[in-house]
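This report refers to the structure that appears directly beneath it.
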Amino acid sequence: MFDKNAVAKKPPMGWNSYDYYDTTVTEKDVRVNAEYMAAHLKPYGYEYIVIDIQWSDPNAGKNRPKEQYINFSHLCLDEYSRQIPAENRFPSSRNGAGFKPLSDYIHSLGLKFGIHIMRGIPRYAAHTHMKLKGTDVTADQIANPFSISKWNGDMYGVLHDRPGAQEYYNSLFELYAQWGVDFVKVDDICNTNMYEKNPYSAEKEIEMIHRAIAACGRPMVLSLSPGPAVIEKAWHLEKYANMWRITDDFWDDWRLLKAMFERCEVWQKHVSEGCFPDCDMLPVGRLGKGFMNERSTKFTWDEQKTMMTLWCMFRSPLMIGADLPQLDKATLELLTNRDVLYLATDCHGARQVSQDSEHAVWTCRDNNRNNYIALFNLSDTEAEIEASLEDIGVSEIHFLEDLWEHQIVDPQQKPSKTGKISAIVPPHGVALYRTTYGDGRLCQNQ
Amino acid sequence: MFDKNAVAKKPPMGWNSYDYYDTTVTEKDVRVNAEYMAAHLKPYGYEYIVIDIQWSDPNAGKNRPKEQYINFSHLCLDEYSRQIPAENRFPSSRNGAGFKPLSDYIHSLGLKFGIHIMRGIPRYAAHTHMKLKGTDVTADQIANPFSISKWNGDMYGVLHDRPGAQEYYNSLFELYAQWGVDFVKVDDICNTNMYEKNPYSAEKEIEMIHRAIAACGRPMVLSLSPGPAVIEKAWHLEKYANMWRITDDFWDDWRLLKAMFERCEVWQKHVSEGCFPDCDMLPVGRLGKGFMNERSTKFTWDEQKTMMTLWCMFRSPLMIGADLPQLDKATLELLTNRDVLYLATDCHGARQVSQDSEHAVWTCRDNNRNNYIALFNLSDTEAEIEASLEDIGVSEIHFLEDLWEHQIVDPQQKPSKTGKISAIVPPHGVALYRTTYGDGRLCQNQ
Amino acid sequence: MFDKNAVAKKPPMGWNSYDYYDTTVTEKDVRVNAEYMAAHLKPYGYEYIVIDIQWSDPNAGKNRPKEQYINFSHLCLDEYSRQIPAENRFPSSRNGAGFKPLSDYIHSLGLKFGIHIMRGIPRYAAHTHMKLKGTDVTADQIANPFSISKWNGDMYGVLHDRPGAQEYYNSLFELYAQWGVDFVKVDDICNTNMYEKNPYSAEKEIEMIHRAIAACGRPMVLSLSPGPAVIEKAWHLEKYANMWRITDDFWDDWRLLKAMFERCEVWQKHVSEGCFPDCDMLPVGRLGKGFMNERSTKFTWDEQKTMMTLWCMFRSPLMIGADLPQLDKATLELLTNRDVLYLATDCHGARQVSQDSEHAVWTCRDNNRNNYIALFNLSDTEAEIEASLEDIGVSEIHFLEDLWEHQIVDPQQKPSKTGKISAIVPPHGVALYRTTYGDGRLCQNQ
Amino acid sequence: MFDKNAVAKKPPMGWNSYDYYDTTVTEKDVRVNAEYMAAHLKPYGYEYIVIDIQWSDPNAGKNRPKEQYINFSHLCLDEYSRQIPAENRFPSSRNGAGFKPLSDYIHSLGLKFGIHIMRGIPRYAAHTHMKLKGTDVTADQIANPFSISKWNGDMYGVLHDRPGAQEYYNSLFELYAQWGVDFVKVDDICNTNMYEKNPYSAEKEIEMIHRAIAACGRPMVLSLSPGPAVIEKAWHLEKYANMWRITDDFWDDWRLLKAMFERCEVWQKHVSEGCFPDCDMLPVGRLGKGFMNERSTKFTWDEQKTMMTLWCMFRSPLMIGADLPQLDKATLELLTNRDVLYLATDCHGARQVSQDSEHAVWTCRDNNRNNYIALFNLSDTEAEIEASLEDIGVSEIHFLEDLWEHQIVDPQQKPSKTGKISAIVPPHGVALYRTTYGDGRLCQNQ
C-alpha cells in the first residue's frame, strides 16, 4: 500500500539553488554546496540538495537583467518530449546520463537529491508533434494550448482526460527514478495564478504526478509551488502532496515576513506527518547572484530569529536559500540551533494564540509535557509582548528557558504569579521560551 | 480558568423554532415542543430548545407574506436598551420576568434553554439616545450607524473601542444568565454579508460576546449565524465560539444538500471538542407554517438518510427544524438511529476520501478500532459507489455492517478480496458501513 | 492626410461566412454567396463579402463536433510567418496567388472583399524562430508567450515595443493590399477575455494595425472582435477602428437579442461617421452547417423585425449570417425593407427614450424634419407600449406611418391629442413609426 | 413641456461652501462670499452660491477632528420630516422662515442660491414614525432601512414604489421653491458607494427628484454627487440631471488632478446643453478651515492652470472652493481669464487627442472656425509635448495664440511647416493655444 506520507514524516530540510543562483546554477555549484552541507549541516538534519528552475536551458540567464526566462528558448529534450540537463551546465549528463552521475555523487555524501520541474509538457514538443514514451499519441494530443504559466513560457498544461496523459507523466518519473531523484519541486501547479478565478486549475495534474510517483517505485517528496495555496483545497493537497507553498515567492523583506504570520494563521490546523504547508526558502546569508543582485540578506538578526522561530514552530520545511560555502559563523549558528530545530522535528500542536498588526503569539508542545511559547514583536519599536497562561493552555509554570539566549529566565518574572508570560522584545524580534513542569534544565538540546 | 469548550464537548443536539414557526413562535408552541422532546428525543441526546428570531417584536409576522421582518417596528425594550420578550406572545414574561418562567419550565423537563439574538444594539435605542446599564454613556455613543444587517433592520453594530461597549454586552448576558439561558444563537455575525469584501466584519463583536459569557458566570453555548463562515478565520472561530454556520440558511432542497458536501470538505479539519462547524437545522417533518408555506419536508427518504449520515459523520450540531409534536414514526426513527448518532457523539477523525459531482466518500473511526465508511451517491441515477481500502486507510476488513439497514453485508462482497468497499446506492442516497476487526456484531448500539 | 473614417461613412453592410460555415467555408461557397448578393442585395446597399476564421487551416472543422479549432494544427504560412489560404479549400490561391484571384472575382461583381484574422503571430512561427519580412528579427523576438486567446490556440500577441513588431504588421497588410482586401475583421482584440481584469489588453496591437492600414495604401474597413467592447475605451476605438463588437457572439436566441438593448443603451452616444458600435451578424435564414447544427433561424418573425429595427436605428453594421443562396422570400424582404434600412444609412441622433425589462423605446431623426419612433415589447406577452411626445422631443405630430406595415396609422390614434404615441405590440415585437410635419406620404422609400 | 436642460445651457459657475467651511458654514459666511462674488466674479459668469452639507445640524463640526459628521445627531426637522436650517447657524431662518431670507439676499445681489441635500429621509423620522406632507403614510412606510450612505448616517433611502414616496420628495421641493432655491446638489446618489456591486442603486430616487423639480414649478439645476458616475448609466444621467460628479471628492493633490484626465477621457462624448459631467470644485485659494486643516491650495501655479484649462475645455461646471474674500490677485486672475472661460461657455466638441501617463492633448472648437489645443505635461519634468495637425483635425494653421501668456507664438514655430504643434511645457503644466485661419488677433476676449 503506497503511503505518500512515509517519505516525509518530518518537515524536509535542505538547500535550494534558486535564491542565490536563479536559473544559472551549474554542476560545480551544486557539488560545492552539497559538500558544505555534508560537512556542516547534515548533523542537524539538513539533507536535501535541490536544483531549481531551468536546468534544461543551455542559455538560461543570458537575457539578464532584461528577462528572467528566455522566451522560446530551445530546451534540451530527449526523443520523448522530456527535458534533460543542459550539457554545457551539467557536463556529467553527457551521453544520455542525465542527472544520474550528479545524483550518485550527492548520495555518496549521505545526502538526498532533488530537482525542480514545471508542470506540463514543453510547448515546442506540442507544436512540433513530438513523440511520448509508452504510447502512440504525440505531444500535441495531450497538451492544452490554453493552460499556460503566467510567468514562464516553456510549458503547456496536460489534459488529464486524454489517452497518453498519465503515460507522459509516468515516463517523466520513470526517468527521474533512474536518475535517483528523491525530491521533486513542481512549479506553476499549486497556485496557477494565470487563472485568477481558478487558481487551483492544475488539480488533476497533481493527481497524475502523485500516481506517477507511486508507479515509479522510488519514494520522492512531492513539493508544490508557487503559493498562496488555496485553503479550500487543503484536503486535496493533504491527500496528494507532501508540501505546498502558502505564499508567493518569499524574500528578505520584512513586509513579506510579517505577512507570513497571516498565512500561518490560516494553515495552522493543516500540519501533520507527510503534510507540510511551506513558508518557502530561508533567504539568509549570500543571495541573488543569478538575479544580478548579489547581496547579504537584508534581514536583521532579529528578523532572522523571528523567521527561524516561526518556520520551526509552524513546522515549515526548512530549505536554505544561501550559497552555503559563503555562510558566516553567525548564520550557521542561526540555522543549527538544536533547541529551535527541535520545534520543527519533534513538537506538534502549534497554534496561534493571538495576533494583530503589532504582535503575534504562538505556542506548541512536545511529548515530554513541555510547552513552547514564542512572543513576536511585529511592530517597528521595542514593545512588551505578553500572553496569558489561560490562552496558552497551561495552569502553572515552574521554569522558563529562553531558547535563543540559552538561559533560564529570572525567577522574579515567574509567570505563575501574574498569570502571564511576557517579554520586552526588540522591533521585528522574538522571545522564545520553553516551560517545564519538573526541575529546570538549561537548553537540553545544546 | 474559563474554558469555552467545556459547555459543548459533543455537538449540541436539540430543536429550533425557525424552520416551522419563522418569527411567530409563542410560549405555548415552545412548551409543547419541549414536552415532546422530553418524552421522545431526550434519551437519544437531544436537549436544547431554542427560540429563534424576533421574540421581542409584538407584531412579528404581521406583514407576511410581503415581508419577513417589520421595518421600524417598535421592539419591546427595557430601560437599558435591551430587548425583552413580547408579552402578547410570551405571557409568562410579564412584570419584568423575561424568559425566566419559560426557562424554568424547560429546565424542569430536564432540557436546556436557548435564545436567538441579533448582534448589536436596537437602532431605535441609538436614535433616541437610550441608557445603557452599568455605564454613563448612551446607546448613540456605542452604535455604529454604518454597521447594519443586510436582511433585518432592527440593530446597529456596536463600536468595540468605545467606552460602554463591553458593558452593554455584559448587561445583555447578565440578563440572559438571570433568565437561565444555556444556549445563544447570535445572528448577522458569522458572515456579515452586507459587507461583501469583509464578511467577517463583526470579529470584535464576537470577542465582546465571548467575554460577556465568561463574565456572566453561567455556561452558554455560543452559536454564530449565518454562514458561510470564512475559512481563513477558522482559528478565531475556534478560539471564541462553539459552533458556526458553514452555509447560508439550509432548507429541504437537494441542491443545498449536495452543496453541503463542498462545505464539509472545506471544514473537515476544524472539528474538535467545543468547536463544531454547523450545517444548520435538519429540515425534516412538518415545516414552514410561519413562512405561509406549510408542508412536509421535500427531501426524499434517501436524501434524509444522506443528510443524517453527513451531519453525524461530520459532527455537525443536530438541531431539528420540524414541529416536534407532528413528527411521524419514520422521521422519529431517522432522528434516533443510535448507530448513526454514535458517529456524532463518539467518533472522530472524519475526513472526505473522495468527491466529485457524482459521488462522495467519507470515513471516520471510533475508539474501538472500528472504521465507518459512508458511500454517497450525489447523482440523479442509481450508481455503484466505491472506495479503496488504501484510501480509507485500512488494510483488511473482517465484518461489514450496514448501519441504516441493520444487517451484516453478504460475505460474498468481502472487501478484503477486492481491496474495495462498494455498494449500489440509490440516487441522492447513501450506504453507511461499520467495519470491525474482531467478530462481527450486529449494530451494537441498537 | 489619412482619414480612417472615409472608408465607412455609413454602417458597412454585407455577408460573413461564420454563422453558416463556421471554420469550413471554401472558395466555392464564397463565390455562390457573392453571386447571390450581386443579384439580390447589392441594390439595397449590401456589398462586403467576408471570409471568417481559419482559412489558413487545411484541416479546419475536422475535429467537429469535439472541437471547433484544431489545437496545434499546422497552418499554411509563407516564409515570413504570414498565414496564406489553405489550397485544398481555396484552389485559386495556388502558386502564391493568395486571395488575389478570389478577390478579383468578388470585385468583378461590383462587391468588396473582406477577411478575418486573429491578432498576433502564429505560435508555430515563434517556436521555430521563423523569419519576418522587412526586418532581421525573427518571430520569437516579437511574440509574447503570455498573450494568448482564450478560445483559439493559433497565435501569440505581438510585443509592440520590440523592433520588428510594426514591420510584421506592415508586412501583413502589404500582403492584404496586394490581395485586394477591403475589409479586415481582427479577432481576439476588442475584448481579450483571457485577461479578465484587463480586457482591453491588445490596445497597442490595435494601434499597430491602424498604422499598418495607413501604410499599406489601400483603404480597408477595420472591424474589431469579439465584444463586449469596453465603454471606458470608447475614445480609443473611435480613434483607431471603424467598427467594434459591443457583445460576445450573437446568435438566434431571444435572451441575446433582449440583452442587446442594454448594450445599445450604453453605446448610443458613440455612433458617428466611420465609428460604428457593432451588434454582430444577423442570424437569419439558414444557419449552423459548419457547427453541425444546421437549421433555420430560431428567431420568430417578430423577433427578426425587432432585430432589424434595433440594428438599423442604432446604425449597427449589417452583416448577414445566412447562407444567401438559401434565403427565402420573406427573409429577403426583411433584409431589404428600404424604409427600415434608411434608418441605418441616412438617419442620426438615435437614442433610447426609455427602457426596463418589459419594453424599450428608441427614436432618431433624418434631415427632413422626420422623427422615427420604435416601440419594442420585450416581454413575453402582448402589451401596449407607449412614449410621451415630451420624451421623444416633438411637440406635435401630423401623420404617423408604420414602416413595417407600410400604412398610415388610424387618425383616431393621433398622438397630438393624447400627448403620446402608443401601440399594441406582440411579444418580442416592435412597432416602428415615422412622424412627419407636412402632408403624409406613404412610406417614401418603398 | 418641462425641459430640464433649459436651466443649464452652459456649465454652471459659482461657489460652494464645502472646501473651506466643511460642515460649519454660517449665514454670515455665506453672505460675505456672495458679496465678494457679486463684486468681483459675477461679470465673468459666476453666479451660484451653494451651501453644502449639514446645514440642519446645530452641532455640525463639534466632533472634529474625530468625526466629520455627528452620528445620531438630532437634526432640525419640521413636522413633515423635512430638514430645516439650524437656527443657531442661520439666524434668519427663525420662525419657520427657512432659507427664504438668505435666498432673497443672494438674489438681491444678482446671484442665484443653491443648497445641498442627502438623498432620502431622516432616519430619526423613520424610527419615530413621523408624518409626511400631502399623504397619510408615515416616514417608516417609505424609508428603506437597508439603503444607507457609506459615510453619513443621517438618512435612509426612499422606497420608490411605496405610496407617499413621490409625495415626500414633492414636499421637499415645494419647500425649496418657497425658499427660492435655484440649484440643488443631491448627495449619496450618483455613486452610492456603500453598494459596491450596484453603485447606481439610487436610480429611482433620481427620477423622483426630477419629477419633484418639474412639479415644484421653479427651475432648479440638479447636481448629483458623489462620483465616480457610472458611465454605463450616462443616458439616464443625461435624461434626468444637469451635472453629475465623475470622480470622488477632488482636492488639491496632483495625483487626483492627473487622474481627472482619465475620467474626462471616459466622459468626453457626454457633454451637451443641460448635461455636464462634473470634475468637482476648484480647490484654489484658502481651503480647509472647517476640516481643521486651513491652508492655501497645495497646487502649484502650473497645476492650477492645468486644472482650469481642463475644466474649461471639458466644460465641467466651475464651482470655486476657496473662501472668496481671501482670494489673492493671482488666483482671481486665474479664475477670470476670459479666453480660457470662453472654452467652457462658448466652445464645443472637446475631445482627447492622445494620452498616456506622461502627457495629454485635448482640442475643441468654437463657432468661428477657431480651434483650441491644450498640450498637458503630466510628467514630473519639463518636456516637449506635441500633437500632429492630422490628429487635431486641421490641415493648416495661420496664427497661433497662447491663451495663458496672451501672445502670438513665434512664427518660426509655425506648425504648418512641420505638421505639428508642440511646446516645451513645465512639469504638471499646460500650453493652451488658439489657432485661427484668418488674420491673427491677439487674445480677443481680454
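We call the chains A, B, C and D, going by the order they appear; numbering starts again at 1 in every chain.
We adopt the following convention: a residue touches a chain if its C-beta (ideal position, glycine included) is under 8 Å from a C-beta of that chain, and two chains touch if they have at least 3 such contacts.
What you are looking at is a predicted structure, and each value in this text was computed from that prediction instead of being measured.
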Taking contact as defined at the start, I'd like the list of chains shared as neighbours by subunit A and subunit B.
none
Of all chains, the one whose CA centroid lies most distant from that of subunit D is A
Could you state the distance in Å from the CA-based centre of subunit B to that of subunit D?
53
Between subunit B and subunit C, what is the gap in Å from one C-alpha centre to the other?
56
Check: subunit D positions touching at least 2 other chains come out as none
What kind of graph do the touching chains make: line, ring, star, complete, other?
ring
In contact, pair by pair, are chains A-B, A-C, B-D, C-D
Contact footprint of subunit B on subunit D as seen in their complex:
71-72, 123-124, 126-129, 140, 143-146, 148, 150-151, 153, 194, 196-197
Footprint of subunit A on subunit B - complex, ascending
1-2, 231-232, 234-235, 265-266, 268-270, 351-352, 389-390, 395
